[in-house]
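Just below sit the structures, each encoded as structure tokens.
Below are two complexes that have subunit A in common, paired first with subunit B and then with subunit C.
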Partner chain A sequence: MSQTAEQHQSLWLLTASPSIWAAHFVLCYASAAIWCEKFAGLGGSLTAVRLAIVVYSVVALTGIGIVGWIGCGRHRFGDAELPHNADTPEDRHRFLGFATLLLSALSGVAVLFVSLVALFFGECY
Partner chain B sequence: MTHHLRELCRGIEPPSQRDSGAKRAEVALPGSAVALLPDGHSRIQSALNPAGVEAAGIENLFWWMVAGTTVVWLGVMALTWHSVRTHPESFNRRREAFIIVGCGAILPTVVLSILLVFGLSALPGLVAPAPSGSLKVVVSGEMWWWRVRYEPAEGQPIILANEIHLPVGEPVQFLLESDNVIHSFWIPSLAGKMDLIPGRTTRLAVTPTKTGLFRGVCAEYCGTSHALMKFDVVVEEKEEFNRWLAHQATPAAPPDNPLAQRGEKQFLANGCGACHTVRGTNAAGVVGPDLTHLGSRLSIAAASWPNDSAHLRRWIADSDKIKPGAYMPKFDMLRSDDVNAMAVYLKGLK
Partner chain C sequence: MSEHREAHEAGKRDAQPLAEAPPKEVQRAQEERLLKIWETPGGWRYWSSVNNSDIGVWYTATAFVFFLFAGVLALLMRIQLAVPDNDFLSAEVYNQAFTVHGSVMMFLFAIPIFEAIAVLLLPQMLGARDLPFPRLSAFGFWCYLLGGIFLCGAIFFDAAPRGGWFMYPPLTSKYQTDIGADIWLLGFSFIEVAAIAAAVEMIVGTLKCRPPGMRINLIPLYAWYVLVAASMMLFAFPPLITGSMLLEIERAFGWPFFDPAGGGDPLLWQHLFWLFGHPEVYVVFLPSVALIAMIVPTFSRTPIVGYGWVVLSAVGTGFLSFGLWVHHMFTTGLPGISLGLFSAASQAVAIPTGVQIFCFIATLAAGRVVRSVPMLFALGSLMIFVLGGLTGVMVALVPFDFQAHDSFFIVGHLHYVMIGGVIFPMLAGLYYFYPLFDGKKLSDRLGKIAFWLTFIGFNITFMPMHLAGLRGMPRRVFTYPADAGLNTLNLISTVGAFILAAGIAVVVWDVIRLKQKQPYSEMNPWGAGTLEWLQEMPGKPWGMRSIPEIDSCYPLWDQPNLQRDVDEGRFYLPDAEEGLRETLVTSVIDAVPQQCARLPGSSFIPMIAAFSLGGFFILGTYHWWWPAVSSLLLAVAVFCYWLWTGTARTPEKDEKYVGLGLTLPIYVSGPASISWWSVFITMLADLTAFISLVFGYFFFWTIHDDFPPQPSPGPGVFWPTLGGGMLLAAWALTVFARRWNRSGNSAAFYTGLLTSIVLAAAGSAALVAGPWLTGLDPKSHVYPATVWVLVLWTVCHVAVGIIMQLYCLARKLAGQMTARRDVEIVNVTLYWHFTALTAGITVAVIAGFPLVD
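Let's look at the complex of A and B:
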């Protein structure tokens, strides 16, 4: 049996995708708020912020995709049978891999939902 | 029209207050009162009774949301029903995985995505400014009433309180301010909500499409009498609106009968002018609502009570009981005939 991450009790990867989602949301919100308040003003163009949001979103989705891919790989690793609730490193490994994959899917959808706002708003309100 | 609106306003009075001898329920219960109104009058404060372009868009969005969430709910219920009914021996992993992922993840995601796109596409129209040249109305949130300032294209601003008249079919630009706490300006039948935030000016464009009486409220908890911070909105034909606005710009007419003249003297002698303005007199206070044409309004105490002499008397003598926490002091130390004279004077400020 090869060494698995869970033999070191590591949960960090599980939190990675939701953290990227949260960071993406804060960045989008702060960028729009600061831009409209300090630079563009009421009715000013949001083009610069929309471009920034596209960049943030591509970076965030790439990060979430990588995390999800690693999670998927962990879920596929080993011979532990469903439902992965035994107190063994192998079961934890597959369970956490699957949970990481699902959280990544959720985070990816959330990032897209946040980004959608940039499609519809062209100026500061 | 005015007579009709007055009748409507009388109907708003809660049953407990229509009882002449009623001492109970000193504080009007606006929410319950509206709910009890007969003949569809309760719809003056309903987002499902749109009388404006913006409110119609919101109502449309609401029904799409109801339809979308119903689809999600039915999907989840079907999943629950299936999971309860399925026997372990007929368990098919591939089929169950398809149902769980389909109904539990993909269906809600697709439906929510559609609703989100639909909602977002409606938003820019709802928050867009009114075309330049539109009627401008500045509304300030006070504790707990509304200061209203009309800024016509020509002439001086006209300061009023707790009642807004709008011309039907024309966009109006509201500019919303507060120098105390956060309030929220909401006329459910005409448009969405907009917060009044200290230190900022927010804006809301409204285009009424139907004439009538509507109810506006503060939709953000702002202190003790938040629930009594309402206002009447009258949407009328353009000519009628112009006449009303021109009249509101004029100073108050001097009282024309001895009782009202005595009331005016009492009003000025007891310091009411330190807080209230009555244009055409020495009363020029700006702490409280402008009372120049109080008698022409549909209600008093920020649309909490009908505007008649009896309620005016009670408001002057015991304001805190009607509106807890109000800054208006009660004048229960005055003789009742003086209070009566003041009520007659104020009611006569048409």
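Let's look at the complex of A and C:
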């Protein structure tokens, strides 16, 4: 079972989806702040930022989807069921996959929450 | 690396404990040797102890004393507010009281108690003899004690800070020029250094010091929470350190970072503060709720339901909590869309927070719940915290927040969150874990009385505050008029506060009352399943008699004879043949043994280091620059002595047999070593502080039409580029020096490192020459101030880097560092990677960005 061996595993995959969420969040925030302060001004149009947020969101959701897919594959590795709490490399592999999947789901929801803002705001203020 | 392969193969098959116990006399001899080396020093030398079981108790006790101190301040405030137009406290003293109350509760109680409990319990839960850096914990404790006394003492001299726990300028810069704010800024910066040290310790402890076989899917939930909370500290605390540094520079030298007259902006402080402040709430909440995650399965007599979901909850909360900081700034006039983004994230964080609570409820439903005092506090905590969470979602909504902002509604909300999320779990943990450090249980009867007093008192105090707030009672105002319709609500709150205080007094009495006649508790009195309950009553200083192989998340429930096998020394490291403190270092994912690490013993050095570093901050507060700098230099000397005598010691042999057929290396360098990890983690925090500075630069760029302001020339391109180039060359030579050392080419090593030092010094000078020669005056405007601060930050890091290089040269000359034993140069190179990145970003920002803009 070389694919479950320790050297092919790391905790970084767990943090991948939340990190994508964080990058998405910072990009949305920075784009909006800079656009409103530097270019649009009070009551200026937000169209450019809304478009940008849509693009960021599509990219972010795709990335999170891929990570979640990988996680799901690991979670379903072999034919064991939850909870993945056996003292074997396989169950540890499944556990990390499951946690990655859950974090991806949460990050996906959080990205959707944040990007909803683009629906509601037509102007900076 | 034959050792590694051997260790790896050993980890593949699960080691079984010795079938036969060693003969009684062997066991006794082993115990004597272990006891001798782990013994707590007696007399005044007791204070030189670095054992986690001692430091943890001091830490916890100190945090509790600060808690009581801040609690008394709260009572004084409640007396003042009991009746309208009261003059029990003057406005001035009231301002100091609420500032010190908030600051002490957050910085001297909530965060330190987390560190304290982790120092005390984490090694036990992970079957380790101690934390990976015992002297670092001691150092952190002494920093905390000194800084805490300094801060709290100020109120007795009427010199305490009085700008609120979040210290907003310009109130704390222009309008309060006395020493209070300096005490806050420097005192807490000093304590935050200690907090980051603790975070490093906990992350490395959780990842690298687990017992063999404790795979990442088997670690106790407490360890997951601690890992997340400590990682959050790395990214949450540095912005505040940066902010405090900038505000102190403004106060001391007049560089106008937050002063609009000089192009600064007080909002930058709010960003930096809340970038710390909001995650901080979760930094203190997660390790507390972690105690509940340990308590609930024990009293439900069943493993936690949804282990993976709780991990999701901890990690998810850790991330999302960094997207909330602007919800403290909803009323500052930011663009509506920005508010919308943060409002959305603030609501999203309720999802992971809720998930863990459902897991706890499911666990309670799945098991047969045993009634007990810890369970009472745990249930009380869940009820209070859920209410605080719900009002939290309310204030996450921008229109509602506009109404509730700065009113007593917020005071009610935050106390529901903090007391429900931190204090009640702590009290549950106190009753639950108390036998581990005293060998005796606290009283069930007193515990029940304490619970009902605190629970009822708490609700009577804080529930009416929501109403008072909605009726318009503002925060931080020392009194209110009689006809404002607030009299009854405030009187009820005050009565409640004293009931709550009575409950706390019962807890205190239960802890300090003499228990000589009370028999020792039986082992594992609650019937728990996790490793810390292997401990004998009373506990032994060695922590674990022998370090077991772990096969389950609840080893005491699932591994037969575990207690007997550990206590008879049938597992790893049952002995201390060489008379040295030792523990096992294992791999991150599967906890495969990698190293037998030697730990340092008792020493006064951490205390001296903490006091000399503290001298710098405390003397600096009074602007006594020469004594302050002397104290800093003394601290540097002490650190060098500490490193030289206490770290990377040459072992008497390469490998050691640790039992059960396993032989491990004693000396490890590079990413397998715990010191490499600690440098890496520390530098991540350092980089975050630097990024906060860069954020400041771009923040000012955003709010100014021209930045750099015309006709300011800026530092130019030539000098910064030259300086940056030389610093990168210095870095490259350091990397090569590491290689030359490893390949045995000593001459190249010495030449390379010396050249690197010269280049580093010259590069720093060139970097300073940029703003210097173009005459940038940091007092004139925020632009030159920001450029100077970026340059000085880089130069300070290079200076530390040079000291490190000199240290490596000295170690090599002294024969302490060799081609094979090269921890020093490997870790210093890692430091230089980060320094090169810092220098590169600085040059790109100060010289490159004006060209692009």
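Structural remarks
Here is the rule we use: the second predicted complex is superposed on the first by the 115 of 125 C-alpha atoms of A that agree within 3 Å, B and C clash if a C-alpha of one lies under 4 Å from a C-alpha of the other, contacts with A are read in each partner's own complex, and residues count from 1 in each chain.
Going forward, contacts are C-beta pairs under 8 Å (C-beta built on N, C-alpha and C of every residue); 3 or more make two chains touch, one makes a residue touch a chain.
Here the structure is a predicted model, which is why all the values come from computation and not from measurement.
Contact with neither subunit B nor subunit C is seen for A:58 once the two complexes are overlaid on the shared chain. Legend: residue contacts after superposition of the two complexes on their common chain; A:116 is shown touching both subunit B and subunit C. Judged by the touch definition given at the top, the superposed model places A:125 against both subunit B and subunit C. A count of residues in subunit A touched by subunit B and by subunit C gives the higher number to C. With both structures placed on the common chain, the touch criterion links A:89 to subunit C but leaves subunit B unconnected. When both complexes are overlaid on chain A, the residue A:43 reaches subunit B alone and has no touch with subunit C.
Once the two complexes are laid over each other on the shared chain, residue contacts for A:22 go to subunit C alone; subunit B is not touched. When the two complexes are overlaid on their common chain A, residue A:98 makes contact with subunit C while staying clear of subunit B. In the superposition on the C-alpha atoms of chain A, the part of subunit A touched by subunit B in one complex and by subunit C in the other spans residues 109, 113, 116-117, 120-121, 125. In the complex of the two chains, the subunit A residues touching subunit C come out as 6, 9-11, 14-15, 18-19, 21-22, 25, 28-29, 32-34, 36-38, 46, 49, 82-85, 87, 89, 91-92, 95-96, 98-99, 102-103, 106-107, 109-110, 113-114, 116-117, 120-121, 123-125.
Listed in rising order, the residues of subunit A touching subunit B in the complex are 43, 105, 109, 113, 116-117, 119-122, 125.
The residues of subunit C lying in touch with subunit A in their complex are 14, 213, 215-218, 303, 306-309, 311-312, 315-316, 318-320, 322-323, 334-338, 340-342, 344-345, 347-348, 351-352, 550-553, 587-590, 592, 702-703.
Within the complex formed with subunit A, the subunit B residues making contact are 105, 109, 112-113, 116-117, 120-121, 123-124, 127-129.
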